[in-house]
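Going in written order, the chains are labelled A, B, C and D, and every chain counts its residues from 1.
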């Protein structure tokens, strides 16, 4: 199987091939460099004039892309590090996310605006890049009305998710790629010896052709799970490792739920699992407060009431991310942390 | 009693008087205009050279204030509308909030930086200002490590909260003022005929002299509450109205918990109340997803497990805020909505 | 002025002058009607009127073709009406009516109709305008994009990111800076170091400055720049030194009354231009416009509020 | 160069020249040691070396007094060392050791020591530097603040907000633009429309440009500008056209090897300046510095990692 990086790179290539309205904008995208994380490698050579390397102006070129999208193109923006999304926050929250709804009141179909914009960005730590190049900041953008947030994982087909987003979204969409995921192998979920998968192919209602699947994963042949573990992106990889070790080393069986749609978040696969287990652990790489896990726990509590017997979040410590390896490893949630948490939650009750 | 506006204005005056390191920066602050919402009225005349009217450069003058704070002043920034905090997001999240921790590793006390910066801003709708001047955007800043977020309410002493923040914080601090709160009368909680109050005077550990109280409010003489209602800022006013009507018109008795510290959030007064009621409704003016209420519900679920029998959030619809009065009123949570929710939550079980 | 555009070639100068007067007077009466009726509580939120600056929008947008694009700001009524927007729909938008430009969702500052867009965040729409111009360029259209911005908005950094990108990528866009010498209550001297045209020069964008309220000076200057934008597919700037006659929004003018009175005396675009019309023509136009605006107001007033069913 | 500063008046030109060489050579050897050892896995994250630009930091920061303030960027090692920073502490910071400048929290780009600050977000620190300069001014100090920024960073809008505010409020700050003609892999021509000095002129900030790698040209120019900053309490800019000899970070140089070779030939600040020293002096300095850097590296290497107990 290809790596997630290959899969995303192929998707960008397909998007450029299949729809000539597609353009890519971002810093240092031109070949031979092909972008800081190489997701756009080879594209500027293959599609001259359609991969635009920009000045260091995150707000400015995001704004340009918004204007392009308003006027009928389907731009894709790369923000070199997700940490710098903060610079485009006003363009995203007060411009892109609002226009479609705000302008379209009461208008006939033909006079409505749409804003098909995909903003891709790498997030995450564990590479020693320090406080301004290691964050998981999507939590600051989740819950923005009018903004869709997706996060690929190594399960299924991350490239397809990106391709669908580029070709079919009519709303601005943030596509969050964890850096460590890039080099992970895509897992063929139809051919796993160790795990059993189910897919909930949540087509978001508004976007025909555009699906953000949720994956359910169990250790093959395991007894019914006693805890529901949920995580996205690269944390889903770590969660899966924890899940396997919990089964083999501790005989604790958990069900892993991996959404690719973070906002809006579709809860039914998770809730269905919780009805079975009554125990929830949400794991994320960002800091805990007001993180993705907060919304997951809140919705679970709303839906289940007293049937939610135990709920916890595992997240980064409430600190900036240190550069020093041992400190960084301590601050971010690990496989060990997940195992520990699951054991605590399933043992005492 | 004075209005909340008067109380805040007095606090700024006291801060300028008591500590000459205090400066105020923001747009259109000079008298006779004295700022768009008049919180700074009279100050530039009284303190020449210490109230600086700025160009329309939210990131720029927030950055200036960060530099001033790093170098020993205690600046106060006003962002004219909270909607424009997005423009200062990078300065707040990637600069102000990080510096203190990131720079201070392993340093002797005398060589450490501190960053005593207060950013005040009006938030909220119900004035017909439309999608870019009516939002409640603090949720995007909650949970930023290193950033304190406070919201005054009409209970107790909103000015004291601001004064303490300006004089005693050593960390950057966001102070969120709801626009409709400005004209509300401060409620003297020691002299209420209708309500009984208790204060939890949560002194945040790191900041001597600096407290962000939580208020507990019950209808005087009411039987034990069956639901815990929590809200902050202007929503606390509406929640109190709902609380009274629930008692008098429906004989449903709820306990209202009003924090002034949003991040970090101190949970024990709320959790203590939930131990009594087992039912939680969190009300906020921002949109629901990844809002303040998500964190409240998540923490409650973590702490109470199955003892949390019912939990819900009431928040703005997941849309930009429309300018048209009837639409805006519908999109934002109302007293009626709160009553309705409380009735649903206490009737069926 | 979209509807009249195709007839341009066939028009006499006199006809054009009359049209310009009509367009400016329409804005003037619209805005006065807004301010007069605001205290009655018929409008939601607030408003920023274009009083005194009418010649700018009219002089520039007279040249726009159907397929061309306009980006505006908080002070957008004048731009919208000069673009050809409907007065009733605009009144209705301010009143929160279903018949409003955006069905009442946007209100005074957030308009979209055809190729006209405005938003309430200063400066943020400028890079978006550059992107729109580049999109039209990519489509092979020879369409110019116009972006209006105020002197105060030159405080926003994103404007310079946009200028740099516009120049680097040769976006066919005309930046129109309306320097009305004030931003809300802040005089331009307190907010702006250096010079406005130097800021465009720094990014290699040729700029022309005019210190006039005469639409007949603005018209040809704007026309020439727009032709350059179209034929050379490159950015240009037009800096219009102008004066705001009314408050920033409502009742928030801190300038001395005499200053305003003097400006109204010497720099009123309507008075200046009216001198070119015969009294009879002027009166006829004014009567027609008066009637149009009053009817527009009444119709909007009678229209139903936006309904939550449409949310 | 803090420690030596007080002796300045007493020094001969020859002593100063020797010191400048020492300071530049120290940076050179520090950076080479970083790049050489990176593949061994001793450092965390990444790094941006100052190779080729040594004369800038040394020529400018030689003039700084103890109470003066420096704001730097991602390419901060040279600035830090020229400011007087300790090589061992910097190695240790890159290695994630407790003895590092910030105890390993910051790493290569995020340094603070005394009045020296850097951060990894391009441009964001520039308004902060202006605020710091204004704070010193308010304290009545005659202290200058220096802010370094690269050509690519001129893409960030907040830089222009900062320039405007610096000029309006007359902040005593020297902006030092190091135009090394490239930003990561993007040549300055693809990222910058117009001119660099025009961008300062647009905000009324006098700028001086130098196209040199000779520290003896930079030194007096910077000295004169800093004196203006101090005595006139006003902003100035120094634009240094310079060349990056190494990769942007590690192994990511897309420029042809011959280009780099040619630059190293013609524009090496060390070669240029070495010609002023006697061979014996040069050798003596180099040997001492070599020893200092190697010891610093070894000590840092032996230091313990940052401990989670300190978090």
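Simple rule for what comes next: a contact is a pair of C-beta atoms (placed from the backbone, for glycine too) under 8 Å apart; a residue touches a chain by one contact, two chains touch by 3 or more.
Here the structure is a predicted model, which means the values were calculated and not measured.
The set of chains touching subunit A and also touching subunit C is given as B, D. A straight line joining the Cα centres of subunit B and subunit C is 38 Å long.
Chain geometry summary: the mean Cα position of subunit C and that of subunit D are 47 Å apart. If you average the CA atoms of subunit B and of subunit D, the two centres end up 42 Å from each other. Averaging Cα coordinates per chain places subunit A and subunit B 30 Å apart. Shared interface positions of subunit A, i.e. residues touching 2 or more other chains, are given as 54-55, 57, 59-60, 83-84, 87, 90, 94, 98, 101-102, 105, 130-132, 319-320, 322.
Under the contact definition stated at the top, the residues of subunit D that touch 2 or more other chains are 100, 103-106, 110, 119, 121, 154-158, 161, 164, 168, 190-192, 306. In terms of which chains touch, the assembly is arranged so that all chains touch all other chains. Within the complex formed with subunit D, the residues of subunit C that make contact are 154-161, 163-164, 167-168, 190-195, 198-199, 201-205. Note for the complex: subunit D touches subunit A at residues 43-46, 93, 95-97, 100, 103-110, 119-123, 152-157, 183-186, 190-192, 252, 254, 305-308, 311. Per the touch definition, subunit B reaches subunit C in the complex via residues 27-28, 30, 32-33, 36, 53-57, 59-60, 83-84, 87, 127-133, 317, 319-320, 322-328, 330-331.
Those residues of subunit D that touch subunit B in the shared complex are 69, 98-100, 102-106, 110, 112-114, 117, 119, 121, 124-136, 138-139, 157-158, 161-162, 164-165, 168-169, 306, 310.
Contact residues of subunit A toward subunit B in the complex are 83-84, 86-87, 89-90, 93-94, 97-98, 101-102, 105, 130-132, 137, 139-146, 263-265, 287-298, 300-302, 305-313, 318-320, 322.
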